[in-house]
Amino acid sequence: MTRADGRRPDQLRPVTITRNWLAHAEGSVLVEFGATKVLCAATVETGVPRWRKGSGLGWVTAEYAMLPRSTNTRSDRESVRGRIGGRTHEISRLIGRSLRACVDYKALGENSILLDCDVLQADGGTRTAAITGAYVALADAVAWMRKRRMCPGDPLVNSVAAVSVGVIGTEPLLDLCYTEDVKAETDMNVVMTGGGDFVEVQGTAEGTPFDRALLNGLLDLATAGCAELTRLQAETLA
Amino acid sequence: MTRADGRRPDQLRPVTITRNWLAHAEGSVLVEFGATKVLCAATVETGVPRWRKGSGLGWVTAEYAMLPRSTNTRSDRESVRGRIGGRTHEISRLIGRSLRACVDYKALGENSILLDCDVLQADGGTRTAAITGAYVALADAVAWMRKRRMCPGDPLVNSVAAVSVGVIGTEPLLDLCYTEDVKAETDMNVVMTGGGDFVEVQGTAEGTPFDRALLNGLLDLATAGCAELTRLQAETLA
Amino acid sequence: MTRADGRRPDQLRPVTITRNWLAHAEGSVLVEFGATKVLCAATVETGVPRWRKGSGLGWVTAEYAMLPRSTNTRSDRESVRGRIGGRTHEISRLIGRSLRACVDYKALGENSILLDCDVLQADGGTRTAAITGAYVALADAVAWMRKRRMCPGDPLVNSVAAVSVGVIGTEPLLDLCYTEDVKAETDMNVVMTGGGDFVEVQGTAEGTPFDRALLNGLLDLATAGCAELTRLQAETLA
Amino acid sequence: MTRADGRRPDQLRPVTITRNWLAHAEGSVLVEFGATKVLCAATVETGVPRWRKGSGLGWVTAEYAMLPRSTNTRSDRESVRGRIGGRTHEISRLIGRSLRACVDYKALGENSILLDCDVLQADGGTRTAAITGAYVALADAVAWMRKRRMCPGDPLVNSVAAVSVGVIGTEPLLDLCYTEDVKAETDMNVVMTGGGDFVEVQGTAEGTPFDRALLNGLLDLATAGCAELTRLQAETLA
Amino acid sequence: MTRADGRRPDQLRPVTITRNWLAHAEGSVLVEFGATKVLCAATVETGVPRWRKGSGLGWVTAEYAMLPRSTNTRSDRESVRGRIGGRTHEISRLIGRSLRACVDYKALGENSILLDCDVLQADGGTRTAAITGAYVALADAVAWMRKRRMCPGDPLVNSVAAVSVGVIGTEPLLDLCYTEDVKAETDMNVVMTGGGDFVEVQGTAEGTPFDRALLNGLLDLATAGCAELTRLQAETLA
Amino acid sequence: MTRADGRRPDQLRPVTITRNWLAHAEGSVLVEFGATKVLCAATVETGVPRWRKGSGLGWVTAEYAMLPRSTNTRSDRESVRGRIGGRTHEISRLIGRSLRACVDYKALGENSILLDCDVLQADGGTRTAAITGAYVALADAVAWMRKRRMCPGDPLVNSVAAVSVGVIGTEPLLDLCYTEDVKAETDMNVVMTGGGDFVEVQGTAEGTPFDRALLNGLLDLATAGCAELTRLQAETLA
């Protein structure tokens, strides 16, 4: 099988990570996985949410959204509808959890970092691009804080990157674009640390349920893909 | 390591599935995983959502909610807050996807089945109990429809069951109760078909990220647990 | 006239009040009036709403809701609609007012008791069943508080019970089930203290307006019905 | 006991009903019970709500609201809060039910009349003033329709008026103003037809529960008060 | 061209400003521009919004709304729709800004004045009538405060009045009524101080864009109109 | 007076208009006025809103929003708050009105064009940049439609551009950046056609009210600024 854009099954789309895309944010990145473009902005705030006050611990959270015309067919704004949809909630929570995996709350002190991930253009894999880019924005925000001696220690204890994998027909593929995603029997998002451990594994059979062998094939692809993204993140931050 | 309630690492809590718990619903089940109690009601409606009209295909969806005092500390009603939280959205979507994995939309015809899963009492594993119970309510609703010759064919092509697994310290455990869940480094929900294939795998490192070996250990436990739940479902429906 | 279920005009449906139905709540009751089943949970909280702080007085309030498939036809969740309907508001307020009639706020101290009344199955009279059951849950919650010496005195100075009465054709009937309720010309809910005084009288002519004689007949029936429910509450709490 | 404004216990406040207060509405009334001022506007619409289409029957409904500074202390707008409160819902429903008691839906044909009751100034008894005034606005709207031959018959088969009664100390009083209302042990709103039958009786013990004798005293006062209001309505419409 | 009501192009409709229309508010005015009637109520509150606390400065704000049947065709209540529309937001903000132009925040001290402008009847020019009337209510509220020595100085340093102007065909007209407003090519609202300076100029080409000469013609008309309204305000307050 | 960035009083910031910034939209532009960056996407939809169906006329509308970290201090998402703020409403309406000024609805046929203007980075003048950019996106969308012969005629009968002007101290300045905007006594937004007529004039005295001479000075500056922007638009579209 050849893929629509000629990639090998285990090949990522061209990935670019542009730092300091915004003037105001403490860290900001425009991350591109092929035609997917996500703008990630890290905001540093002193203080933590109410339920965490006085703990001495920091907090990291995220919000994900898509611009109405980031997709082929325009979708209504969630602000206009007056409520956030389930998918948006789900992805915001995933990004937040993923980034918290690389943070030492104690070293962060009672400060918060909020990561806004806004999809400017969507072509599959927006949540994994968002995590991969948000890590770099987070690293820049942490550096900004450390320069100002805002943290008691170094809060960044790990790195995270994420990639989607899926099964078309019976073949596992890395980093699906939108037209592939639509045809996939199984769709899986994998978030891994720079050290190669799993932070999150979310696999869903959209079509035929998958067996253990196929699951193993997907995990192999994702592991290699995340390693490559980790390398790109390090290169960008160097 | 012994578990708080004396179970072996690979042992489910006592599971009971009581059919026809409600008088009005086309299918209804009170499912209990230990102290976790979820009321699952299946509602049959002729017709499908607007975006599916004229397709000849049916639809299955789910809504999950917790009674305010199902938990140790009361939580505010989402109706009073005026919005549904991210966790509720996420679980409702998971239950819907899971049950759609055992349904042939064409055989269902342009009919809908809605599964309401209301947690009356929570002690960990509410979403997996909900899926396991909702399958039985769905099967009863399908039988109700077939008796009335509402479907062009047999829409039930599979069964699904679900269980949670987790890591405490470094040990994988099956079917965590609430006090275990709170201490877990990793928490994973697995949905499987009666035939032993995966429908959904959602693993999250709440603490230390997990490696491939630990992931394999969790998947082994979940596979055995789902098989046992599948047996119980079949027994109940017999 | 004979009633659908063979009852006499002045006869209650079988009433059962099961205490401690939930593990977590400070008081909890499953109350059944025939096929109507309401789960009442009492939550004790230290402190009172803002407008009452520093007064030395406690507070009691209630929230009523129906599970979507408690009724013959499913109704949408109020959390999904994003707003609470007028009927729900009205009944929550009625239950709260009714229970406050048996409480000495000073003896309660600056503590709150919130009664959640969730209708699991509806067959008429859900609000009156809720009040009757919630009183027992309240009594258990008060006992729980007194064991922990949380209250300056005994806050429970009375008991309350409630029943519906109605007119079908021209005949007054006690404790209408759903099919009777639908046919009733007049529908009245009466809340009384254990001592036989009125806390709330709400009569509505759904069809033909009613005269004073008919009103008197309804009040006679309700007085006897509440006395019987008061006896059952006392028996349950003994 | 003398009342603050020197009235006898069985005396109404000065009541004025000004028709055609608004230029646009099909019927409109400014009703005053002492310092309480409610603007009632009747809107005629061809057609009925969806659930009633094709029935050949009309519909009458009502919406009640208070201007933010109608009261001594300003209250937030419900539009700004984004939700309608329980009290507003409750009163809107009461007004709608009350006015439907004087309408023959068949004679109205598939038309709707909506009564907007906006409290410009509040001094107790706003809901009963609203019902009393809205009846006159409804009568004018019906006359407007009949002149245009919009109705198959005469939809106005009765009249309704409403008044509040209450107990201060142990004395029943008619038509409470705000300062009396605050002190009342029991508060009752009574809606009656022009023929002297009850449409709605809503009595609440805010303080001491009330016995049957007191209830009878309140009903006597309300019956006389509604008769007087009925006379005023007829005079105004003559 | 003659206008529908026989006015000259540069003539206001009959304007009346009735003070103390409400019993409870610190300042209240019923302002009428022809058939347009707006009830303006000023509420004095000690304290300021959170973002202004500790500044020593006061605050003035406004809320505008229309009664549902103030217009020829009934519009839904914004409280029922659960959200405030863009037009309402826009006008509330305009009124607040306009009135703040005549207030010295320092002399007001940390107090707030909120102006509620509720349109009872609409016939064009509701926002300009609201500003003109609200100024008088504000002046009364300030006098009320000064009598109670609540302000460190005299917060009223100017007066404001507002009027609409528009172009029908190619002719500029003052103070458009609704039927004129509908036909206007350009619609402009102008807010001016008593001294003849501009506070706000909002001109919109609903039809043909307008040139500088036409704009000048409109500004001339508005200047004369505001001067006349300023005179009426002063007369009313004298 | 010299401006912070060394510009003359009558000088625009560097303006760039990049077409086809997005892959999916029928027209899309990234417009930059100095550091202000707005992404404008035009979406073509067949059909018109309900109230316009069957008229044979098209419709053009707009939605404006700011990314949370487009500003120096992060602002909450309106989707999270569950409601759109007054400022957003106001600007969306302004953009829509402005663009409708260059469209012939009849030539558009029953089609709609929706312009999404999302501020990626804000440094003053976001609404005027949005209008200026949206015009170009609209022109591209119209060209896209005409190529597909979707319109009965040429719907683009004019062009529009917009610029802000303001007074600092007593000097009128063109195209204020954020730090200037904050200090301005008066702030005015002017929308003009390519032919030099006014579509919208919105001037507000934030500080000292302004006189006619100052107003004239502002209009002169805006006229020249809009002419320059019109030239840039034409150049870009050439």
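The letters A, B, C, D, E and F name the chains in turn, as written, and every chain counts its residues from 1.
One rule holds in what follows: contacts are C-beta pairs under 8 Å (C-beta built on N, C-alpha and C of every residue); 3 or more make two chains touch, one makes a residue touch a chain.
Quantities reported herein were computed from a predicted structural model and do not represent experimental measurements.
Enquirer: Find out how few touching-chain steps suffice to connect subunit B with subunit F.
Expert: Minimum number of steps from subunit B to subunit F: 2.
Enquirer: Both subunit A and subunit D are touched by which chains?
Expert: The common neighbours do not exist; no chain touches both.
Enquirer: Return the distance between the CA-based centres of subunit B and subunit C, expressed in whole Å.
Expert: Inter-chain centre distance comes to 33 Å.
Enquirer: Between subunit C and subunit D, what is the separation of their C-alpha centroids in Å?
Expert: Here the centre of subunit D sits 27 Å away from the centre of subunit C.
Enquirer: So how far apart, in whole Å, are subunit B and subunit D when each is placed at the average of its C-alpha atoms?
Expert: The separation of the two C-alpha centroids amounts to 50 Å.
Enquirer: Could you list which residues of subunit E touch at least two other chains?
Expert: Within subunit E, the residues that touch at least two other chains are 82-84.
Enquirer: If each chain is a dot and touching chains are joined, what shape do you get: line, ring, star, complete or other?
Expert: Shape = ring; chains linked end to end, path closes on itself.
Enquirer: Going round the ring from subunit A and on to subunit B first, in what order do the chains come?
Expert: A, B, C, D, E, F
Enquirer: With touch defined as at the start, can you tell me which subunit B residues reach subunit C in the complex?
Expert: Residues of subunit B touching subunit C: 22-25, 28, 35, 39, 41, 43, 45, 63, 65, 67-72, 74, 77-84, 88, 114, 116, 118, 120-121, 123.
Enquirer: Over in the complex, which subunit C residues touch subunit D? Could you list them?
Expert: Touching subunit D from subunit C are residues 83-87, 89-90, 92-93, 97, 101, 158, 188, 192-193, 195-205, 208-212, 215, 219, 223.
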